[in-house]
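Heads up, there are several structures right after this.
Shared between the two complexes below is chain A, which pairs with chain B and chain C, respectively.
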Partner chain A sequence: MIKITINGKNYKVKEGLTILEASKQVGIEIPHFCYHPALESEGSCRMCLVEIKGVPKLQLACSTPIKDGMEIETENERVIEARKAVLEFLLAGHPLDCPICDKAGECKLQDYYYKFGLFEDRFEEEKPKRDKLFRIAPNLIYDQERCILCTRCVRFLREITKTGELGVLNRGKESLISIYEQELIENNYSGNLADICPVGAITDIDFRFKIRTWFLERKKSICPICSRGCNINIHFLSPSFPFKVEKRVFRITPEPNVKINGYWICNLGRYNYHYIDNDRILHPLKRNGELKQISWEEFYEDIGNKIKILIRRKKEEKIGVIVNLSLTNEEYETLEIFFNKCIPGTEIITFGKKSGKEDNFLLTEDRNANRKGAGKYRFKEKKIDILKFLNKKELVIFFGHEITEHCNIQLLSEALKDIKTKVLIASNKGPLINLVDYILPSTVIAEKEGSFTNSQGITQKFYRVLEPLGESRPEIEILTSLAQKSGIWRNFLMTRRAG
Partner chain B sequence: MTSMIEEKLLTRNLEVENLYKIEIYQKYDGYKALKKALLQMTPEQILEEVKKANLRGRGGAGFPAGLKWSFVPKDTHKPKYLCVNADEGEPGTFKDRFIMTNNPHLLIEGIIITCYCVGIHTAFIYIRGEYEHVAQRLETAIKEAYKKNYLGDNILKTNFSLNLYIHRGAGAYICGEETALLESLEGKRGHPRLKPPFPASVGLYKCPTVINNVETISNIPIIVLKGGEWFVKKGLPNDGGTRLFSVSGSVKNPGVYELPTGTNLKDIIFNYAGGMKEGRTLKAVIPGGLSAPILREDEIDIPMDCESLMKVNSMLGSSAIIVIDDRTPIIDVLRVIVNFYAHESCGQCTPCRNGTWWMKNIVHRICNGYGKISDIDNLLRIANNICGKTLCPMGDAASMAVRGVLEKFRQEIEDYIKKR
Partner chain C sequence: MIKSLVFLLEFLKGLWITAKHFWINIFFNFLKLIGFNIRDRGSVTIQYPEEKKEIARRHRSLHRILTREDGSPRCVACMLCMTVCPSECIYIEAEEDPNPEIQKRPSKFIIDLSRCCFCGFCVEACPEDALRMDTNIVELGEYNREKLIYDLNRLVRISK
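For the complex of A and B:
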């Protein structure tokens, strides 16, 4: 620890930090554009200039390491004037098209202008006209007019993905970011470029012109697309939005977590959010010739009774449960209590989503969010003859559609025909919909509270971001209610308390 | 003061025909200093002499060469490099070309001694792209030197080896800035690097690197031959030796003049360069390349050394003297200045990229007859906002050059704006 003085106050901070990092630790924000904690300092935006006592020139906070006894001024007149000057230069070459810019509301240029700028416009020359629709990736548009050349994007592709698709072309005011001829950025992390762009120069086609950012709220969650467990922010429509919109979630961005995902998420996790609002099962349904809406109570009564009777007849092995690998640790615990402990003899098998390709960075082969957590409660995927398992069952309960990835749907359909009661608990519509008699809407991860254990073995808690859609309920709630009606309630409660 | 008594160091023997050929160069004591250095002196002794010589960098910043060399770490396992900055881009400067064309072996000899002194085995000459014929002449000279075993393995049968390469730039002013030069040499875009770390510790390919101007290195042989104390007497006590002044503009005899550091500017123009062209009178002088703030005609009775020019808020820079006569409207000078810096700004950092461009726009508007008196203050304000806030010294250069013209010739520009 070394002693430094910032704006007249003494602080003790860890050695080896830069002025910007040290200031941040003690709660002093130094404005910056080109600095990014995950990238090498470039020192080109000149926004973070601060005064150090005894040094004649203003110094860069982003790259100057602190020294014992250093006296730093981050808010005095000289520093503020320098910031204003940099802002004025940036704005002089900027189109000021905030009314049609998707970054408006979360743009650093805007924020800092409100904080340090607010000067009169002394720029009387003509603004340069440039390409505003330059496609640099299948999912990204680059606006040459808005670019402030912080080169965060260039450095991200050089230092993080090590693919280097972007570079700077031309010189001076003519400088611009560009791809090499027609070679678009095609890596799985390109979406991050829109996040790290401090202005609206790189925008995401998925998000462009969909909603103004100030109508969005954001809450932390965990990405369920693979077993990495990247920390994410779900951006959803604020309840204060005056118009009715079917869509709730508008984008996913990374939430920094140095241990797991750093500052990034992959494109798969970023763009796979439409399932939260689309193709959802909204109400409990029962097939009686055709599918009809029923109440949750009716379902609990029906299935509770079925379980009760099977237990009384000592035919527990006639109950088959097919578990997936995307439930929370708490749900696996409840499943374990419900079936393994309270109804011993129930047959349980586990199926996850099929593996995909890993990309040697964040995306893992395993596309299931909680295989590690399921494993702790002995829900493990095994090679098994599904048809043999289904043979002579009287009640099967499916959690999710995952099983259909592992068997021929035709054969499955045949095998299910002889089973009296088939229940599907799932958040979204899928291939099993047509094969079962009871369809129960469960919540998606964003509507749940619980925890996942990722592939590294780190258990992460997450909280409810959105209200459950329609009548959907979390699996843990469905299981608990079902336990009440299945004649195992006392046992269930006691086991849970003991656990 | 007359030209009779001036002793030539760099331009000695220049009247000799074909001096650029190694045989002729050797005939006139060429590579004698190299032999003395390699066979009779230790690297420490050479460094001591260079320090005693108070040899300051001739590229523009005027940093003492001996001090620069001593910053290179001695106990490093990394290779060390010498980069000779021959990217002579400062407008008005043509002294390095003069040396390289007329006496390339002087530079090569200097390079070899420098490398021996600092412990370097690979050296580069980064020459500006426009100097094609100069590069060719250097190539030939290097080949000759290899043949005579002044370059290559075991030079003069000692265990010192050195390889020397020429790298041609692609014509960017910024690549004369030492760290941008390194980036360019590494094959990247010529963008200046953040300092620290300084090239002496982290330079070319992240290895310790010495970067010196052509003229600086060319002074090394004579320092080795005659000693630092002798050398320092040829100039000023804290700024030894002579300087090559590139005189251009409205004088009778423009050209390169080798004169002691501290020679009076007025004397250079009116005595050595033959005075103003017929029928012209002196209006202003840019004393150290375009980046040096302009001097009015009444300010030029001044010794040409770093300190004296600093006192009048200008600088010696690359000691390129641009003489401007009364027929040149000062707005044209200003336009040339802003055009140059807007064109040559590398675009990396905000104040220089946008500031030079903004200034260019304003000056062009003034030239097109749409200027306002308030534009002058706005230009001054922009120049002030660039100064001291950029990543490399080029922003300061642009700012000082513009400020100089505006402050010294405000009345003329105001009159120009009003007239249009």
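For the complex of A and C:
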């Protein structure tokens, strides 16, 4: 620990930090564009200039390490004057097209201008015209006019993904960021470039012109696409938005968590959010010749009675449950209490999504959000003959459509023909919809509360971000209400309390 | 007794005011009738709808969307009017413009006049001077609410 003085106040901070990091730790913000906590500092934007006692010139806070007894001024007249000058330089070539820029509202250049700039434009020259629609990746557009050459994107691709597709070309006022000839950025982390760009130079095509940022609200959640459990921010249209829009979620950005995902998320997690609003099952449905909407109470009554009768007839083995690997830990616990402890003899099998490719950084092979958590409650994926399992069952409850990835649908539908009652609990429409009698809407991850255990074994809690769509309910609520109607309520409560 | 005298006095005062205006109006309107050009005096009643009041130069009337030289609306769908609108009557959806100089254009632009309070904030907020309230159209009555919802085409057409 060493002693430093910032703005006349004494602080003790760890050794080896830079001035910017040290002052951030004690709660003093120094404005910056090119500095990013995960990247090597470059010192190209000159926005973080501070005054150090004994040093004649202003110094860069992002790359000057602290020394014992250093006296730093971050808010005095000289520093603020220098910031103003830096901003004036940066804005000299900036097109000021904030009205059509997607970054407006969360743009650092905009914020700092209002905080430190507020000068009159002194340039009479025409602003330079450059390419505003330069494709650098299939999902990104680079605007050469807006770029302030902080090189965050260049450093990200060199240091984090280690692919180095971008570079700075030319010199002086002609310099710009570009790709090598026509080779687009094809790595799985390119979406992060739009996030780390402090201005609107790199914009995401998926989010481009969809909505202005100030209409969006953001809340933390966990990405359910793979077993890494990256922390994400879901940006959704706030409920107070006065117009009816079908889409609720507009984009997903990473939430920094050094232990798991650092400051990044992969493109797969970033762009796979449409399932939250599209193709959702909205109401409980029952097939009686054709699908008809029923109420939740009717469903609980129907299935509860069936379970009750099967228990009375001592035919528990005729109940089959097929669990997926994307439920929360709490739901697995409830499932275990419900079927393993209260109705011993029921047969449960587990099927997860098929594994995909891993990319040696964040994306894992396992595409199920909570395999570790399910394993804790003994829900483990095993190789089982599904047809044999379905043989002579009377009641089958499916959680999710995952089973169809593991067997032929035609064989499955034939095997399901003989079964009296087939129940599907899923959030989205899928191949199983045509094969079952009861279809029940469950909530997606963003609409429920619970915890996931990721592939590293870290259990993370997450909270409800959106209101459930339609009549959908979380699985834990469905199971608890079903337990009430199926004659095992007292047993269920006792086991839950004991557990 | 004194009370009722006061009432009588006020009553006569009122009669006097009414009578004064009556005779003055009769006098000046008679002069107008026989050809004298008197602008300000005389009866102030405007015979609406045959006669219409002159609208002040800065009066805020029905919105219109201005167009560029090639006829496309000037709006770039920045949604600032939608943001500033206190009665939440403007709704915009944006799309990509094929011209890279323009980039953004509205695919949907709706002003719900049944909610509009004619404050003029949208006009002030517009960075492109695309929206103005200078059409001098003030008779906006309709027989159903749907007709009060003005879309982009309708708002552009007004300016022609």
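Just so we're on the same page, the second predicted complex is superposed on the first by the 499 of 499 C-alpha atoms of A that agree within 3 Å, B and C clash if a C-alpha of one lies under 4 Å from a C-alpha of the other, contacts with A are read in each partner's own complex, and residues count from 1 in each chain.
By our rule, a contact is a pair of C-beta atoms (placed from the backbone, for glycine too) under 8 Å apart; a residue touches a chain by one contact, two chains touch by 3 or more.
Keep in mind it's a predicted model, so treat the numbers as computed, not measured.
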{"item": "Fit-or-clash call for chain B and chain C when the two complexes are aligned on chain A", "value": "fit"}
{"item": "Contacts of A:I384 with chain B and chain C, given as first, second, both or neither", "value": "neither"}
{"item": "Greater residue coverage of chain A in the superposed arrangement, chain B or chain C", "value": "B"}
{"item": "Chain B versus chain C as contact partner of A:F243, first or second or both or neither", "value": "second"}
{"item": "Contacts of A:G167 with chain B and chain C, given as first, second, both or neither", "value": "first"}
{"item": "Which superposed partner A:K132 touches (first chain B, second chain C, both, neither)", "value": "second"}
{"item": "A:R122 touches, of chain B and chain C: first, second, both or neither?", "value": "first"}
{"item": "First (chain B), second (chain C), both or neither touched by A:L58", "value": "first"}
{"item": "First, second, both or neither for A:C45, with chain B first and chain C second", "value": "first"}
{"item": "Computed vertex angle (chain A) for partners chain B and chain C, CA, steps of 10°", "value": "90"}
{"item": "Chain B versus chain C as contact partner of A:A85, first or second or both or neither", "value": "first"}
{"item": "CA minimum distance (chain B, chain C), superposed complexes, angstrom", "value": "23"}
{"item": "Chain C-touching residues of chain A, taken from the complex the two chains share", "value": "98-100, 132-133, 208-212, 214-215, 242-243"}
{"item": "Chain A-touching residues of chain C, taken from the complex the two chains share", "value": "76-80, 83, 88, 91, 94-96, 100-101, 103-104, 127-128"}
{"item": "Of chain A, residues touching chain B in the complex", "value": "41-47, 49, 57-58, 60, 63, 82, 85-86, 88-90, 92-93, 122-126, 148-149, 167-168, 170-175"}
{"item": "Contact footprint of chain A on chain B as seen in their complex", "value": "172, 174, 189, 194, 342-351, 353-358, 361-362, 365, 378, 381, 385, 388-391"}
